[in-house]
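Structures follow.
You will see two complexes here that share chain A, one where it goes with chain B and one where it goes with chain C.
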Partner chain A sequence: MGLGRSEPDPVRQEHCSKPRLGGGPPVAALGAEGHLGVGGQKKGRNRKSEIPNKSQNGVCPVLQAEGLRQALEEMRTLYDRNQADVSEAKSGRTDLIFLIRFRHCCLLRNQRCILAYLYDRLLRIRALRWEYGSVLPNTIQFHMSAEEVEWFSRYKKSLATYMRSVGGEEGLDLTQDIKPPKSLYIEVRCLRDYGEFEIDDGTTILLKKNSQHFLPRWKCEQLIRQGVLEHILS
Partner chain B sequence: GWRAEGRLQSPAQVHSLSLRLLYLYFHGKDNFWFFSFMQGSKLEVPLWLAKGLHDSKRRIISVELPKIYKEAWRTVFSADANVVDLHKMGPYYYGFGSQLLNFDNPENPEIAQTILQTFISRFRRIMDSSQNAYNEDTSALVARLDELERALFRAGQKGLNDFQCWEKGQASQITASSLVQNYGKRKFTDVDC
Partner chain C sequence: MRGGGGGREEFGLSVRRVPRSHLQRAFFQAWLNEKFAPELLESKPEIIECVVEQLDHMEANLKRAKRGDLKVSIHRMEIERIRYVLSSYLRCRLVKIEKFFPHVLEKEKSRAEGEPSILSPEEFAFAKEYMANTEIYLKNVALKHMPPNLQKVSLLKSVPRPNLDSFVFLRVLERQENILVEPETDEQREYTIDLEEGSQHLIRYKTIAPLVASGAVQLI
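Coming up: the complex of A and B.
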């Protein structure tokens, strides 16, 4: 999938009385009935782009299954109608060619929107692995479709295999030390009750809310990213 | 519901550059609406549809330039592009303008040139302001920028903020993931994927 963002929406048209065609959500034919003949209608907007994917960086919002289903259903309808008309067009009804072309444009448009939406979600899910960790909280998982959860799991494995293969015998955890470390040990404050935490030399530490500790950086990194600890600079 | 059925004329030869008859099915809840458009009628269509229907050889549609890309406005741009409110005029002046070049308009070379020159004259100010506005309200600075320019401004701000962060010695500070920041203090129950 080499898709980046979908193409820009049409420029905001000035108020006019010309009939507006196909100006609805992606589902061009679906939305058009309400828009024809209505001047000053809001410009055609991809329904997918109205979903606030952009408002939360690094966060995976709920999959809009209903919207997807409708878009796909419309594509099926358009496709079936085109199939029927193509055979008619071949046997003489050349007047149908424009209609077929119109439907084809709508099909491609829906396809672009759907793919852009799904791809954007995939990028966010991938970023979660690097930003948050290999174990995702339940709440986020509920926002993902089964296929996306499966994809995340396979991505994790793929990344783990790769990381094992570089850096010698033990492998190299590339998700660590994303920011250049200045010291081996860091000062951290606990932001919420977490419980017992074992460090390398065998000792256990109790992570209670507001307690402060001086711990090895590599042990804390994940907990900081998950919001359990806070890195304090001296 | 009511139905209006139109008749399509022979599509074989098209000489005039206008919207030809189109059959359009609008799928309402139970109705099928047929609309036909006589040759020469004007419609507003989304860009993607115009692009899809455009065909240099068969002349199904001709596209009229939005006013901001026409001669009159092009002159304004060449006089001083910095004063134009591209957000109000766009907000995708560059992107949309580039797409407009698909329609074989005879003014294309001039349009392309104007878009390019506009960017060149405005870019400097965007770069400077994005690099100098630290920790302040930038809404006035970005108000008149189109979306491409806003993206550039944000990139400049990010660079500035990252640099300041480094200067303060915060570049090595591990931070919570944006997931956590966005969800606040809610507790998560971790489950393996």
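Coming up: the complex of A and C.
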């Protein structure tokens, strides 16, 4: 490997890849999406499966548990080898120091990649709460690990507590009113059967597939996001 | 937040700590500043409280009004607009809190007595829960399976800081003199500028951050 060089820095730079995000030291960076080139980033040095690029439509793909396990396995192997070499180095074999340093860099890189991958998934799951609401469709939940589901439920509880505390007696639902209001009432078409829907002045409307209604905007927002209603822009 | 003509008595608010027009201006200023600033700004609990009170009042008045009254639509629209701005403001803060959570918490911890807080008590609780939640998750899924010397990770070092060097547009509200602008490259030297009232500039956020906090400039 040609590690007999006097300055290990080039080796370090090659395997403890770059960017110093936010001006801090180049330790593990749970960087914003894109900084670590999350798409296609390899966990580990050699034969690991690439972390699959997150699908374009933003839905959370299946957690790569196997890849994660392999990366952790590799870290354990490297560490064990390092431990063995450290004791040898202490008893005189100083040429092992570069190898030890190199392995340590690989360990740091693995840690960084793993954390970046997991953190990026958390950010996506967080986005799901804001887009879909508190109840996730089964197809998406199927792709999340048990710990991620737990994180999600703790996050939504925390968010609910916050939203309740702000804005008067009932709290303010911050996931509504994403866009500035253009008009009071909007024309909507129903995309699937939903059933009865009550509006402010007490009247109930039956939402059947393909029926069109002229409804107050603030009542429809949630249903539009869930895909039950469709805003007709004429 | 102008009521319909003559609607002041019907739908209006009794004068509180802040007159209504002043409240509106301060609220919109806070909203725009929060939107365009790269870091989390001071929390403004008094403004939020007043706005929420106003919304509640208007809603209550609307419930009492006659159906089909034209004023109802206008005031309903007004309520919607104010609610949108309020939601947008709080959402913007939440996004920044989540994005920079270790730094925000660190700043709050090291705040001197008497300095204004950047987090309201509810936001502080939210930020702490978010941090604990994320830490527990990372520990259980990855860190505790790693070799012993790598089981701790400093979130403060890993999560990126807000980029205070990003450029922002601003309009000057109060004349400022001798603002020191630091050089960006080695060839430049630092220089001072004067900010005339009403002028607009594109400048690094770091240079004018204290002016935003004091209200001397408005981000646009």
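Things worth noting here:
FYI, the second predicted complex is superposed on the first by the 169 of 234 C-alpha atoms of A that agree within 3 Å, B and C clash if a C-alpha of one lies under 4 Å from a C-alpha of the other, contacts with A are read in each partner's own complex, and residues count from 1 in each chain.
The rule is short, and it goes like this: contacts are C-beta pairs under 8 Å (C-beta built on N, C-alpha and C of every residue); 3 or more make two chains touch, one makes a residue touch a chain.
Computed from a predicted structure; not experimentally measured.
When both complexes are overlaid on chain A, the residue A:76 reaches chain C alone and has no touch with chain B. In the superposed model, B is the one of chain B and chain C that contacts more residues of chain A. After overlaying the two complexes on the shared chain, residue contacts for A:180 are found with chain B and with chain C alike. In the superposed model, A:66 makes contact with neither chain B nor chain C. In the superposition on chain A, A:147 makes contact with chain C only, while chain B stays out of contact range. Touch criterion met: A:138 reaches chain B, while chain C stays clear of it. Looking at the shared chain after the overlay, A:196 reaches neither chain B nor chain C.
Note: residues 21-23, 28-30, 32, 108, 179-181, 217 of chain A belong to the chain B contact set and to the chain C contact set alike, using the contact criterion stated above.
Note for the complex: chain B touches chain A at residues 8-12, 20-28, 31, 33, 35, 42-49, 52-53, 60, 66-68, 90-93, 95-96, 99, 147, 169-183, 185-193.
Residue ranges on chain A touching chain C, taken from their complex, read 21-25, 27-32, 35, 68, 72, 75-76, 79, 107-108, 111, 114-115, 118-119, 122, 126, 145, 147-148, 150-151, 154-155, 158-159, 161-162, 165-169, 172, 174, 176-181, 184, 201, 217-218. Contact residues of chain C toward chain A in the complex are 48, 52-53, 55-56, 67, 73, 76-77, 80-81, 83-84, 86-88, 90-91, 94, 98-99, 122-123, 125-126, 129-130, 133-134, 137-138, 140-142, 145-147, 149-150, 153-155, 157-161, 163.
On chain A, the positions that touch chain B within their shared complex are 7-14, 16, 18-23, 28-30, 32-33, 36, 43-44, 56-59, 74, 77, 81, 94-99, 101-106, 108-109, 112, 128, 131-132, 134-141, 149, 152-153, 156, 179-182, 186, 191-192, 217, 220-221, 224-227, 230-231, 233.
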